[in-house]
């Protein structure tokens, strides 16, 4: 353990406090309430436009925001508790890096598309976008889960949020592609960024911690809390920042049917690829969610319910097959140790989602969208782009995302190799004990006490 | 195990994939976006009626939908995790059959009351109704929990959803009864259907699995996650499809007070019927919810807060007493093995709810409802029915529901006896291991390892 | 055990049933639907003011209500499951006393500020307020957790709700202070009331139950469910009863940033004060929430995002240091056995919140608030108070709250000492078994069986 200075006694406080102080200073200088959040400005608006409080964006978006918030903190956090002795870290580090990332994302996304007169204006929509960006970091966290210190994770978040915001800016503002649910910006980016980081951080001796790299009965149930909350609220995720009215409504519904279809595919394929025909919790926990990822781009479009179901079915199938057949290859041949299988849940379904989005965009027609075209594809409505032009921009956006994720992941991966960041040794990966005070287990102790007394005969009282 | 072909290797994939392909084809042919979800149609509406996006039904109902969704997937799923070694199946099969049922319910309910010009129009209200119908299937699942294969459950869902939709059509559209929270259509139907199926599937040798048919400490805590989410969101459940405005508001509030009162009754009676005056988790997990069931019909009516509290109090009392005194009789005398006690949570409180609804309807007066009568009882408002006529129709609806549940349950029960459906043998009921890859338990393994170092030799079964 | 009549066989049913019957009678006599909930009155309003259903307060507040509801029942309930063998009681008694308190609070708060023509008018806002008052009781529950019977807790709730309502009335209606998120009325009051009760109930022999007064691995994960739901929904808590429009929007956002900042402070300080630099779950579970408490008063004001972050940072720091250094002193010197550390999570951050509120109020200016002043500080807008006058009233409110909590806590503490209330003996505190039927633990039994077969001696590692 000589080379692994894993004590967080000074490192973590220093990093946390410095980062938070920087955030507070930048917020003080740069950030202000937007027109719907500021007392003076909103009341001026109320008077000027004879609008009512109901038109405040809060009522359009806050319920969706809270659903997204649950996905970020409960969904991602508990999904990763499947490891037998990494529950504290899964929920806890998820909590820490999410709390940091949402603040940092407010600034980075604000610089790039929320500036007015030198100030970043924030409200419920920026809060959703900050949570979205955070989601991307948490996906990458899934790839390196169990093998990184909280300081490494915070450093990763600093860079990943920045790159996320630039990539998002290029895709949404420069290329003017659509990606409301983030198939590209969130899922593809987060997954491939994380996978490349994991590749750079490859640990040839990781098998020394192999006995910890798996679930136990109760940890799988905790993970299902994460899965089910992610699954249920994904319709809110994909619809959270689409336009008001039919757009939010349609996106939520498309996602609902995509996920339902995906779930049937996942259960079917999971039983099929198991020698004994048994279901595998890893598939159910993860692949059943791929249907949400895969309609992240096209969900707001007129994908139709059955179209959504086809996409969901494909996503569930690909994802389950990925867990079964691709993950071992990634590890053995490509040396990518993808703890949570983010390639199967976010990577491939994200790419599928980008492709579906490009195809759906390229067949958009006024017959189908009517006046609603201006909400979904404003450039097509205005005649600036043809539908196929929009489709091409969608496809380019996927390529840009993969490029950013790859190059960014390499650079950040090497930064994270700095020995001062306190990564765990190969022998103590997937283990809370290294960064947390872990209590003893009561039953163990009780039995220990009795066992130590010699030949125990008295029954344990419940 | 010769007669129990429990391997799901081919059965489950075939059933899942065939069902999903049929669903996709039927959706392609029959289903389309409704006026609030379709880009063209909504924007036409916006223009024609000078309405605003806020009038989109999404904003009236989506938060309630999400609460209902949580009840279906987390609530029902985790409520059933109380069994010590059936948590994967409880949450997992709940997930599977719910994901199937909501799609199938969209079609079945659409056929019967969502068709316009040969197409089923769907939006957030149909999504809620599909979740409601799914809830009914999950109630029946509770009666047969631990004794059925996932293929049996899917087959049951196919038939039950169909029967549910027909029964619902007769009650709401033919008899024009009111049942917004589904005391009859969801709870009474689901419970008695499931109980009759359980009767047909009676296993005289079930005691061979008796040691698995109970909870352990942590499984009871997981179950409380389900209980509490059901309890909290029941006001949303009952109000999700009532009319906008005072109706949704009043229904939510009546349910809130009914549940609170029910909880006190449950705790009180639970301690009273225990020899040592100790509380029983089974009662708290289940009977405390009966207050939501029992105001499912009358919740939207002018039941008054104290009326709701009386109903809740009765429901909690009946339900707790049912668990204590009736469940053993059902099992021994009537040969109904009701794993979750759905008769106590959904059956009797559902009937109580139907009766309360009939009485409350029969005393409806314009003095009390004013112009709101047209929302709650349109037929009374228009003079088509007298209040007592409405009450009679409510009562007939209960009888119809019991008839459908009984006859349907018998038929479906016998279908589920087909040996090819892979039901578990009597010796391996209430056990995840038969359909799931179950990880070893860390402590077990650790201790096993140590135990094996001593003179203990018999292996722990996983 | 002679002096501890802990059987609940008669006590609990009698108390539950009498209380519920009293509640039902008082509701029958005094409570009625408000204008937004009553069928006749709302439809009259619709007609008279040409308003739409969307203006019904249900749509402004119900999503926030549900979030608050989750905090009360899941948040508080699971937060307290950290104890190894007190999970049933934590979730269960939380459930019981919350279900009682919300009904009783409806009456007590209604008497004092919801009476119209001799009737208490109720709707979604009164439901939120009832949940808020309940929150205060649950905070006090945290101080006495593990050392009280359910009958004691119900008696405590009867008195505490009453005192809460009076204190709230004095602060909000007499002093006309602002406290929408309840830094003073909920958190400071609940914490100090509970601490004083804990002082009166001091148990010198509590060390006899010391081995139960701690967590195990899985119980800490259950507690994190509570923590994370509290953390996520705190923005809804603080904004639930603020004015519509910018006020709700701004309050939610301020709370969001305060909590994020608080979380970084908590992680940093937690590692810093640990000898090995390890994180402590107690801090993460609790102190990370202090940021929500500390903007309970000022959250609706123009605190600015960076101001909120500073407050959150201070709250997380104070709270973590309190757990580390102050809790042992409270126990040893002041004889206050504060099971959950409510002094650190609710007490000190509540006082901080009150001070921040007083300061922020005293610098309010029309430049900043514009016409929005009348929503946040109606008395300043009307010229009745100066900003500094408002600030002074805020400060006086804190003193009043501390006085009520202290005096009330002493009186109620002595009432709770009545031996007939069934408190547990010192040797069986923090133990579900005394009030609950507790199932045996499967693994324990299995292993016990095996252990008994041989003479295993090697110690189990935790």
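Worth a mention:
Chains: A, B and C, in written order; residue numbering restarts at 1 for each.
Keep in mind that, in the parts below, contacts are C-beta pairs under 8 Å (C-beta built on N, C-alpha and C of every residue); 3 or more make two chains touch, one makes a residue touch a chain.
Quantities reported herein were computed from a predicted structural model and do not represent experimental measurements.
Superposing the C-alpha atoms of chain A onto chain B requires a rotation of 120 degrees, rounded to the nearest 5.
Shared residue numbers account for under half of those found at the interface formed by chain A and chain C, and the copies are therefore classed as meeting with different residues. Our note on geometry: chain A versus chain C, Cα centroid distance of 31 Å, whole angstroms.
Counting partner chains per residue, chain C has residues 54, 59, 63, 85, 218, 225, 438-441, 443, 447, 451, 455-457, 460-461 touching two or more of them. If you check the complex, the residues on chain B that touch chain A are 7-17, 19-20, 23-25, 27-28, 31-33, 36-44, 46-47, 52-54, 56-59, 62-63, 66, 69-70, 73-74, 77-78, 81, 85, 87-88, 91-92, 95-96, 99-100, 102-103, 122-124, 127, 150, 217-218, 222, 225, 435-443, 447.
The touching residues of chain B, counted against chain C in their complex, run 54-55, 59-60, 63, 67, 84-85, 214-218, 220-221, 224-225, 228-229, 231-233, 235-236, 244-250, 252-253, 256-257, 259-261, 263-265, 267-269, 271-272, 274-281, 284, 288, 302, 304-306, 309-310, 313, 367-373, 375-376, 441, 443-444, 446-447, 450-451, 453-456, 458, 460.
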